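Note that subunit A is present in both complexes that follow, paired respectively with subunit B and with subunit C.
And then the complex of A and B:
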């Protein structure tokens, strides 16, 4: 297990490093110059003279070769210094410190909703003997699965904010006002629900359902019944644990999509997270902010993947030995899982 | 004293009556084998005793199943749970799969003891393991996949008998085991039955196994017992016509020209050069944190029209040898020759041509088919065209009308024929068959073996037949090659097998039950 952990952690670190380099290179290839954008913004939209652009680029160090700029950026980043925003001049680290916790809170709660909902619905569908219940869950999941994330968000807004008026539609942070739990919770519910149910929720619930249902006639489950174990023990220990493996494996990967979705959700519900900053920065070609946001997002995704792998290894100890694809627990059991 | 008494049992699955008025007695301390071909209702009968059916399938059972004085069919779910595991132990065919890979052997034993509040789990569990010939200190913390096939079956047996049940149902427990391990496991079952006065219902399709380890045999056909009696008497003088048929098939005697006589073949067996040869082949398998030398300097020649049986215990390298001879797996050292050419110095294209000249058939035919394909598509894919599928099916003795069906709807014997038709599609000179009849009942097995005989005789096909069953080897082969620890320890003509001297061959021979 220790070796497995070390190996996975080392891989995760390598991925983060590669990600930062790739992101830096891609932004360099993007058309337009940040210096021109800044000058344009200052002068109220008038195109800037090429000499002015060149002078600003030199002052910002943008005319140095790519490896030099990357080296400079890395040496700052490891000390927590991501430079200053091209637009506002505010240190990027400060902006991240203000916004990243909100995004983490939103996605964390959304993942929680997603897991609880998917496991609940999936287990109910897999274990119930009532055909009508299984069919209605399947139909609901199918409908959810066909809906893009932003449609789910708008639908929730329309029902709970506009029509029933149970929950606020957004606008959590007003400048100077402290955010209390009483304000936070109602503001958090809708965006978290939208994020959870709008991003692969149907897939997750379905993976739980098929993962568990497939094992119902597995020899080790039959044996557990033949040994006279209590129904609860058979279900919890022999059916659900291994049945959750495909879901856990997929969830670790899915968190990436969830974070991408979080940025759109933050815009819809005016949530004060990283997403809004990222979209603004992209519009303004504010590479300093953008690179940092991509890196932070990347770290979160890599960590989520790591947690997913660990969850799979905990559920199915065979994975620890081989380090192979956890979506295929074993050859014999998995014939129906193409 | 009768421990288990089944009276007039009828079991229906939707649309079909599988068990039809079955009556059977098993006395305390006796081993009774329930023998019959696939689909005769053996397993359904065994499962009905503790109502172990698929929870979704609507299975209806009527009649009476009495254990001691209790009618099990009349029990409610709660009382039935107390009978399961405590008064009736159940051991399954695939022991490793019948254990949860996430739970240690000790964990399994502990939960069984706890479920019935039967005492100290550590003490009872260790005693059960010891009775089954395992060292508790060694396997308690092990997970099922860390055990060998034989160890896993012993652990599963310990689990089924940890609470010393009155009745043990052993459902095809040794079908996948090599003869030596099989003899050890069944020896343990028998000894425990005698010592603890336990009734054992041994479900098997293998009459020879039944004859050697059961006190009585009950022959099942069409959902009822057609004959029950002491093993020796029943096998020596079967009275029911069906029993006679079954016994004849189980004797594995070739009908028609002898398979052991090369002159009976239309093709020369000895004068042509070898079709495929292994020279000093070594193959090392890595994985799961350990390294295994699966083949360690193997030399083997297979000539045109020849039939070679490769036998050995589990893990002796039999299946690895098939992969190497098929030019699929590259040996770490040594050469594989197709004719004169070393297949691993050829270009990829030429090597693929060599592979096309070799037909492959596996034990689990169904797993080797795409589940969405019809029989026609399975065969046509290998053939490269659709016309001619019917002729191929005809060649392997299948009705060409089967082409439209899916393999999952066929019987085990029929699936194996489809696999054969696919293997023959490219017109190979050599057929590699890896345990193709293991798990088939004796009647289906005999039909496959007769078909292979015919293909050799009429078409001069060379066959390499991997099996752990020496009786099958003797029936099908001119030559028997015994593998042990990745080495060839014996390579003799099949007719002089009984005179073979190597201790491994002697052990296999001694462990193989005969009729």
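And then the complex of A and C:
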């Protein structure tokens, strides 16, 4: 287990380093000039004069060769200095400190909703003997699965904010109101639900359902039943625990998509997270902000994968004992040859 | 049965979450008498007025004031300066500040701040697009606290307009870059409202400033909420989370039925047109360009693309006090034929105008990211093709366009500011501003009569001379059009019926400027 953890952590670090270099190079290849974007933004979209663009590029140091710029960036980044936003001049580290916690909170709660909902719906569909219940759950999942995330978000907005008026439609709190837990919770519900149900929720629930249903006739389950164990014990220990492995493995990978989804969700719900900054920075070609955001996102995804692996290891004794890669196809599920 | 227990358990959890959530949510903000909360889509990168080019966002508009300002007709009137004198040779402008002016932090506002602002903006050159307005300023003298004298190297009539830019406090910015991020987020101004909180990505909160020179504004507070999603903004307006909001054209119909709200529809100086690149021989003949101006059905654009929220455009000064209506451009297919025939063109087998084996073939492009412009592009291409012009519609990424201004054939452009005519027309139409010279005349349009008229209008502040000069300019432009004009945009804002004070004025980009007289707003 220790070796497994160390190996995973080392890989994660290497991935983050590679990501920073790749990200820097890709942004450099991207067409267009950040200086032109800034000037256009300042003049309300009016095209900027080429001489002004050239002058500003020089001032921003954008006319230095790529390795020089990357070296400058790395030497800053290791000291926690990611430069300043091209547009607003604000230090990127400050922006990240302001926004990243909100994105983490939103995605964290969304993952929670996603897990609770998917396990609940998946288990209900897998274990029920009532065909109507199983069918209605499956139909619901099918509908959710086919809906793009932003449609789910707008639908939730219309139902709970515009029609029923149960929940506020965006932000952390009402303007001027201090952000306390009691204020934050209602503001968090809609974006978190939108994020949870708009991104792979159907897939997750189906993975739980098929994972568990497939094990109903597995030898070790039949064996446990034959040993006369109580139904409840068989279900909890032998059926559900192992049945969740494919879902847990997929969830770790899915967090990446979830964060991408968080970007759009934050725009719709005026949630002041990293995603909003990323989309605005992409529009403005604010590479200083964008590089840092991509890096932070990368770190979160890597961490989530790590957590997913740990969850699988915890659920599946074979992975824990052998150190096999649980993210491999089938997650070591079917080829139980130990 | 534990299975059912599981199902019920998850349902209960979910409902519980919702129930805790619902306790404190959704009650509409105070309808009247309280803070006015308004939702807008765009959030500025900085609240520094010197870094916003004539499309000042609502917060900056309310926080800052300049030496001059604009009235409902966009005429220059006194702002922080109660009066000014212009020397006979128009190279000396002497401004007298109102007495007792203070900044929001209580410090006195003096002529030194005037000097500081102009010198800082001028020095920022490329960082601040507005620095172009001050290149003619040689020096600023401050004989006493209330007097600032600007010495110019040459007459520059748009100067009174240029100094409407918000004045910056020397004590807060001295020794810092003009682009200082701290000042851009926590600005200190001298306008009618003071910024008390700015939560990036969420909202700005403003309170009336007691030291404002026209007295404390009547609204007890203003909140500008940044809601970038158009639909989310409409929902917030409908369920009362905000009192007012900037609307998209397609949303106006939804709001007009709401008996709490009123829609304020204002004209803007922001027009859309097809720009021709004069480096391409296909546009050499002015009759061809005239014909295209008669081939466009502008009413159809307004109806189908702008959903009624626009008006036909025939020139760059239609929304200016200098408008003469010199260009008679209407949808007139007969006129197209009458112009193209004598110019040597004849319809070929495909119904396209052809001369010496060549059709009037060109690519019409625009920023592919801007869906409204792409819609204009498609309708324009269809209309022109119907009248025999061989147009190839092809939207391209903005980055490509920025690098290929000199290569592209024709482009759907947006231009125009509501302020001094010079800032709207000198850049795009004067030959000294051609693309290759680093200017913003992207089509490299050159017309000696236009140049002469623009120079004449810029070199004097005599209203009669300027009026005559801009009349000549419009006449020359109508005879030899650089663009095919399409439409001016209207801008729509929803406000509560109980809100008094918003006054119609021709606005700029995105309808910025709606809050221009917010100091006079009140609840009825």
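We take it that the second predicted complex is superposed on the first by the 296 of 338 C-alpha atoms of A that agree within 3 Å, B and C clash if a C-alpha of one lies under 4 Å from a C-alpha of the other, contacts with A are read in each partner's own complex, and residues count from 1 in each chain.
Following the convention adopted for this analysis, contacts are C-beta pairs under 8 Å (C-beta built on N, C-alpha and C of every residue); 3 or more make two chains touch, one makes a residue touch a chain.
Given the structure is predicted, the values throughout are model-derived calculations rather than measurements.
Applying the stated contact rule after C-alpha superposition, one finds that A:225 touches subunit B and leaves subunit C untouched.
Of the two partner chains, subunit B is the only one touched by A:216; subunit C is not. Legend: residue contacts after superposition of the two complexes on their common chain; A:146 is shown touching neither subunit B nor subunit C. By the touch criterion stated above, A:65 is placed in contact with neither subunit B nor subunit C.
Touch criterion met: A:238 reaches subunit B, while subunit C stays clear of it.
Taking subunit A as the reference, the larger set of touched residues comes from C, when subunit B and subunit C are compared.
Contacts from subunit A toward subunit C in the complex involve residues 30-33, 36, 39, 41-52, 55-56, 59, 84-85, 87-91, 98-99, 116-117, 120-121, 123-124, 127-128, 133, 154, 157-158, 161-162, 165-172, 174-176, 182-183, 185-187, 189, 232, 235, 267-273, 276-277, 280, 284. Note for the complex: subunit B touches subunit A at residues 50, 52, 54-56, 81-86, 90, 92-94, 97-103, 111-112, 115-116, 143, 145, 156, 159-160, 287-289, 367, 371.
On the subunit C side of its complex with subunit A, the touching residues are 2-3, 6-7, 9-10, 13-14, 17-18, 20-26, 29, 35, 37, 43, 45-46, 51-55, 125-129, 177, 179-181, 184-185, 197, 199-203, 205, 223, 225-229, 231-232, 235-236, 238-239, 241, 397-400, 402-403, 405, 413-415, 435, 438-440, 442, 508-510, 512. Interface of subunit A with subunit B (complex): residues 129, 216-220, 222-230, 233, 237-238, 241-242, 315-318, 321-322, 329-330, 332-333, 335-336, 338.
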